[in-house]
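Two complexes are shown next, each including chain A; its partner changes from chain B in the first to chain C in the second.
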Partner chain A sequence: MSALARSLRSPRVLIALVMILCILGCAIFAGQISPNDPGDQNLLSILIPPAWAKSGDPAFRLGTDSLGRDVLSRLIYGARTAMLVAFFASLGAMIIGTVLAHISGYFGGTVDWIIGRLVDVWMSFPPVILSLILMVGLGVGLDRVILAIILVDWTRFCRVLRSEVLIVTRHDYVAAARLLGFTHWQAIIREVLPATLPLLITLMSLEMAIAVIVEAILSFVGLGVGADQPAWGQMIADARQYVYQSPWNLLLPALAIFFTVTAFNLLGDGLRRTLDVRLSESGR
Partner chain B sequence: MIGIIGKLIARRLLTAVPILIAVSALLFCVLRVLPVDPAAMSLPPTATLAEIEAKRHEMGLDKPLPEQYFIWLTDALHGDFGPSIQYRRDSGSLVAATLPATIQLATAAMVLAAILGVGGGLLMFRVRGTPMEPVIDFASILLLSIPEFLWGLILLFVFGVLLHVLPFTGQVAPGLPLPRITGFLLFDSLLVGRFDIFFSAAQHLILPAVALGLAFSPTIMRVLRSSLFDVYHEDYIQQARLRGLSEGHILVRHAFKNASLPTLTLAGVQFGILFSGTLLVEVIYSYPGMGNLMVDAVRNADLPLIQAIGLTYCIIVLIINTVVDGLYVVLNPKLRVG
Partner chain C sequence: MDLTVTVRIDGAVVPAIRGLSFELPPGKILGLVGESGAGKSMVGRAIAQLLPVGFSITAGSLLFEGEDLVQMPLPRRRALLGRAIGFIPQQPMTALNPVMTVGAQFDEHLARLGEGGYVERRKRAIAALAAAHLQDAGSLLGRYPHQLSGGMLQRVLIALAFSSNPRLVIADEPTTALDVTIHPQILRLIAEMQREHTTAVIFITHDLRLAAQLCDQVVVMYAGRAIESGPARSILSRPAHPYTRCLQLANPTMQDERRALYVIPDQMPSLRQLQKMPGCHFAPRCPLVVENCRRADPPDIWIGADHRVACLRAADMAAIATIDEAAASPEISARIVLQVEKLQKRYRIGDALFGGARLVEAVKGASFNIAENEFVALVGESGSGKSTIAKLLVGLEQPSGGRILLNGDDLTDPSLRGRVRRAASLQMVFQDPQSALNPRRRIGRIITQAMEAGNRHATWQERLTRTKELLAEVGLSADFATRLPGQLSGGQRQRINIARALCNIPKVLVADEIVSGLDVSIQAQLLNLLARLRSELGFGMLFISHDLSVVRHLCSRVLVMYRGEIVEQGPIQAVFSDPQHPHTRALVSSVPPDDPQAAWPALKAALAEY
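Moving on to the complex of A and B:
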């Protein structure tokens, strides 16, 4: 834990945590802080520019979209969608990837070979293509997006963690634990897993950034969380046709995605440095 | 050396075949779980249940899944992926018609990403230990956080909408004919001697290629920098300094040469990902490539077409990996013996 406490002193980690807390605040208190209902259509006031512009309306601080919906409220509710996906998708991918990586790296042999080939098959699909195909099979919806990301991205954890587990397993203290009468599972959970934890936390943070991007991509293509749930990718897709009339509608959700992804990437980078993780860039 | 590369390619092919079979089976299963009935979709809505049943039988949908897969695989091996439900044309020919445009875009983007990545990586390494280092480092994280579709939108907005300097829809200006010889428009327009088409196509390629290239350059930058750090611990760098070589000379002629190998491996992996990144950029710029076709197929649940495109992407990723392995042997003298 001392390493984690030390990482809190890193400016990168601190800045990133503040940024993430901002987004998280928006996500949790979306109902309280958003000025309007994100789904309320107001067809008499469509494509209003932000309040500071000449023809802006103070009721819609960041303007309205092509259906007269409040952009600020949709941005805030979009944060909820993005954070839900980021958290649950990376948690799921982490659990599957970590379990398989530990089994693979600790036991080796046939199990390792099978899991390795499974990863090979998965990796030969470009991630965007695989998630699109999965979304065709699964259908739209928030839970489906999360499931699709889990099913695509568990390999990121599995691949990187497996080599770490291989190294840790060879240490004497793991053998000593076995000699003390630990079962294999006890040895993995009490001795190997804690040693891979720094890498795991770092990967998790980077995976959250990826999950936010993938959710935005899927929503952008129209195969995301569904039309009734505000999502940044969907806002961009809607605004694309009206880019001449109201460029803000396009730029604001793009900025929100950029802000969130930067926060998670910054956190991952900060953790990687302070926790002294051997994570090559190709592991991303 | 050619023998070694040959052996390597043969070994790669041996592993590629089972992977492709597994991938295609996976694709087939995922798409068969769908609640969509391809038979009902390929008939007019007025069709009776008996007609749909007859069509199901005709399409072989009433057979068990493994048998369906086997039939599909045999046909696919003969280059027949089945007719697309939505276009009512052979899926294979649809893929073949759009693939060159995508390859053209991906190649242009990769070249850009490599130039930006190597330049940025050398710069990042050069400023190590100076007050500029954290600034550049932070900038690279910011760059890393802009995915290709955001770059696409930003560039479209700045250069297309605000400044009106570059076109941002399609592959070539409307009204110009599309010469089709190889399918690679830049190449074909030169073959028929139409320089106006060539320039128009090149202009239309700039924004999508830059968007993709920018999105993929930061990873290359960061890998190059960290490999340069590793290389600088080696004795031959110290040795080169003792011989009085300049820092610039050491960096480019000694360190970069060795650091480029791990970077190349990564760039290969990146090229595979970049190839699928074309999908979003194509959608944003209405570029008539395979990505647009894929999104179209996905939206209309056009199963044969999705299968054909999905498999094509996998094959391309496998080919890229093989080529990178081959290049690695060519560039790394240590691997040439034996």
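Moving on to the complex of A and C:
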């Protein structure tokens, strides 16, 4: 726990946490803080520029899109979609990947071989193509997006964690625990998992960034969440046709994605620097 | 050569070596002796200008043939290092570049010396390797370091160090990483080369007996200071500093009656502690300490023509008597606890899928017994299958054949009940105390770990009580319970390791090289601890070690292992005084004699030829 406390003193982690809290706040209190309904169409006032521009309308602070929907509200509700996907997709991928990685690295031998080959085969598909194919098969919807990302990205956890589990398992204290009568299950949970946890947390925060991007890509091609649900990728796709009349509509959701991904990457990097035993010991 | 070096750490300036002076005439061997942390390796590093970050030479000079290495301009010094001054490293396995052939590295070195053409250099290299008694030197040059054994690599490195005809060679523990049976050969080679080239050698070691045999002069170091220096044999037969004497008494012997080992309490102060320590640094651990010792650092006293000692009480050395108390050799009951019958282990190595797999027999039909209260030693060189037997016994590996009977029950039965029974009666103490303790658990949780295994759910109160009992057993205070393994020294970690294995009060303990990484004074503490625990708890033990004097001190029976087979077994005294198998003979002769005046046949045999 002292390592986690130490990581909270790292400026990287602090800045990242503040950024993520902002996005999370938008996502949770979207209903309270968004000025308009994100789905409300106002066909009389389409493509209004942001309020500070010459022909802006104070009612729509960041302007409206091609159907006259309030961009600010859509951005805020988009954060909700992005956060849901980021959290649940990375959690799911983490659980599958971690369980398989620990089984594979701890037991070794044939089990390791089978899981290793499975990961190899899985990773030989380009991830975006694979998720697109999955979405075509599964159909659109928030839960489907999450499922697709989980099914594609668990390999990332499995591969990286497995090598860490291998190193930890080779320590004599794991053997000692077995000799004292620990079952395999107890040895993994109480001896191996605590040692791989820092890497796991780091990987998860990086995975959240990836999930946000993948969700945006899927929404962009129309295979993401349903059309009635605002998502940043969808907003970019919509704005693409009117990019010359109204560049703001394209730039703002892109910026939102950029901001979110930066926050998660910064968090992952900061955690890695403070939690990684090898890095922090050599740096001391 | 006259040398005074002070090394300091940045931040708080702490001397790591304080005013060290010695002279080394050409063609002599000087032994730097001391435990780890004494600063002996730092001397070699100071000469090579390879001090770790933060360390620097702040005073004194390193005079090499009248020139000061410290003040010397860098190119001049660089020209000396590797030519006039050679080095033999501690770890021969990592000292050569693994992606270059031995020949290429030899050639590179000779080319740097300005040796003529390639053909000429190749001839020189072959001659140098042949002089190091390496057979078939020509084909050796085409091989890569990983294809050679540690002993061969060390010979190559010795040949390399002496190839430039140096005036000084620094050998930093050149044998510690190698098998004991190879030690005499390597030492012999160094002595031989040194005589042939009339080179001066600084020989850094922790082994007093070895220094007595090999060196002309000895400097004993403690906490960065040379506490005693003089001719090797006279220092070691009549030590004038309490530390030298205690160190000798802490080392188990090969010839004398077995006695309890002298224990130097505590451990060497760390550099941080030294800062706040006026007076003699050995004072807190010294049996002869008087009030004056704690006031100021004692001056050097000359007690012989060239025998110098830094101690106020050098005259009273006789007061440190040998402990006459014979080592407790308890009644060994005839009741056999552990019975091993024709134990076998085969490994399949290579690629199982695409053929090319072959079977390696790590253990070929080993049979032995351990009685209640009996300590049985298992000795042999590395790769002989000692550790495999340990793993088979405790169940970390499954045997390919044979039986392990504990009180008549077969332990090889893989059922859960079998595992629980085994956990309760057979425990293992691991070699590397660092790796054997989970760095995230507190000591209290580590040593009572057995109480959370399987379906046992001990209450916190029960565990706390047991923790206190166990800590007291292994001689640590109760406040260790809340510390983390990282805050402990090597000796303390090994005690924790033992305490954890004792939690369930096992019948048999398997100890795999548990004192090999530790200093002599710490080793003595642990050996005495094990002897005491045996008389209190009455467990049997399989003690795996490569150090015959330790084995002789602690155990009553010995098994000698060679290439997977137990080639000789019997009572320790009988086996060591009259070894039958050639391998046992090689092992026994590789231990330097206790008496510094006595000849060491393994080393002398070769030296006599010159």
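Please note the rule applied: the second predicted complex is superposed on the first by the 276 of 284 C-alpha atoms of A that agree within 3 Å, B and C clash if a C-alpha of one lies under 4 Å from a C-alpha of the other, contacts with A are read in each partner's own complex, and residues count from 1 in each chain.
Heads up, the rule we're going with is that contacts are C-beta pairs under 8 Å (C-beta built on N, C-alpha and C of every residue); 3 or more make two chains touch, one makes a residue touch a chain.
Just so you know, these numbers come straight off a predicted model, no measurement behind them.
Student: Based on the superposed arrangement around chain A, label chain B with chain C as either clash or fit.
Tutor: Once both complexes are aligned on chain A, chain B and chain C fit side by side.
Student: Of the partners chain B and chain C, which touch A:Thr183 in the superposed model: first, second, both, neither?
Tutor: In the superposition, A:Thr183 contacts chain C only.
Student: So, does A:Leu166 touch the first partner chain B, the second partner chain C, both, or neither?
Tutor: Neither chain B nor chain C is touched by A:Leu166.
Student: What is the contact status of A:Ile236 with respect to chain B (first) and chain C (second): first, second, both, or neither?
Tutor: A:Ile236 sits against chain B, while chain C stays out of touch.
Student: Output check: A:Val99 vs chain B and chain C. Expected answer is one of first, second, both, neither. What do you get?
Tutor: Neither partner.
Student: State whether chain B or chain C is in contact with more residues of chain A in the superposed arrangement.
Tutor: Residues of chain A touched, chain B against chain C: more for B.
Student: So, A:Ala175: does it touch chain B (first), chain C (second), both, or neither?
Tutor: Only chain C; A:Ala175 stays clear of chain B.
Student: With the two complexes superposed on chain A, say which partner A:Leu147 touches: chain B (first), chain C (second), both, or neither.
Tutor: Neither: A:Leu147 stays clear of chain B and chain C.
Student: Quick one: the Cα-centre angle at chain A between chain B and chain C, nearest 10 degrees, please.
Tutor: Value: 90 degrees, nearest 10.
Student: Which value in Å is the smallest Cα separation between chain B and chain C when the structures are fitted on chain A?
Tutor: 6
Student: Taking the complex as given, what residues does chain A use to touch chain C?
Tutor: Per the stated touch rule, the residues are 171-173, 175-183, 186, 190-191, 194-195.
Student: Which residues of chain A touch chain B in the complex?
Tutor: The contact residues of chain A facing chain B are 117, 120-121, 124-129, 132-137, 139, 209, 213, 216-217, 220-223, 236, 240, 243-244, 247, 250-251, 254, 257-258, 261-262, 265-266, 269, 280-282, 284.
Student: Going by the contact rule set out above, which residues of chain B touch chain A in the complex?
Tutor: Residues in contact with chain A: 15, 18-20, 22-23, 26-27, 30-31, 33-35, 141-142, 144-147, 149-150, 153-154, 156-157, 161, 219, 222-223, 226, 262, 265-266, 269, 272-273, 275-277, 279-280, 283-284, 294-295, 298-299, 301, 306, 309-310, 313-314, 317-318.
Student: Would you pull the chain C residues touching chain A in the complex into a rising list?
Tutor: It comes out as residues 394-396, 419-420, 423-424, 426-428, 430-432, 435-438, 440, 449-450, 452-454, 456, 500, 503-504.
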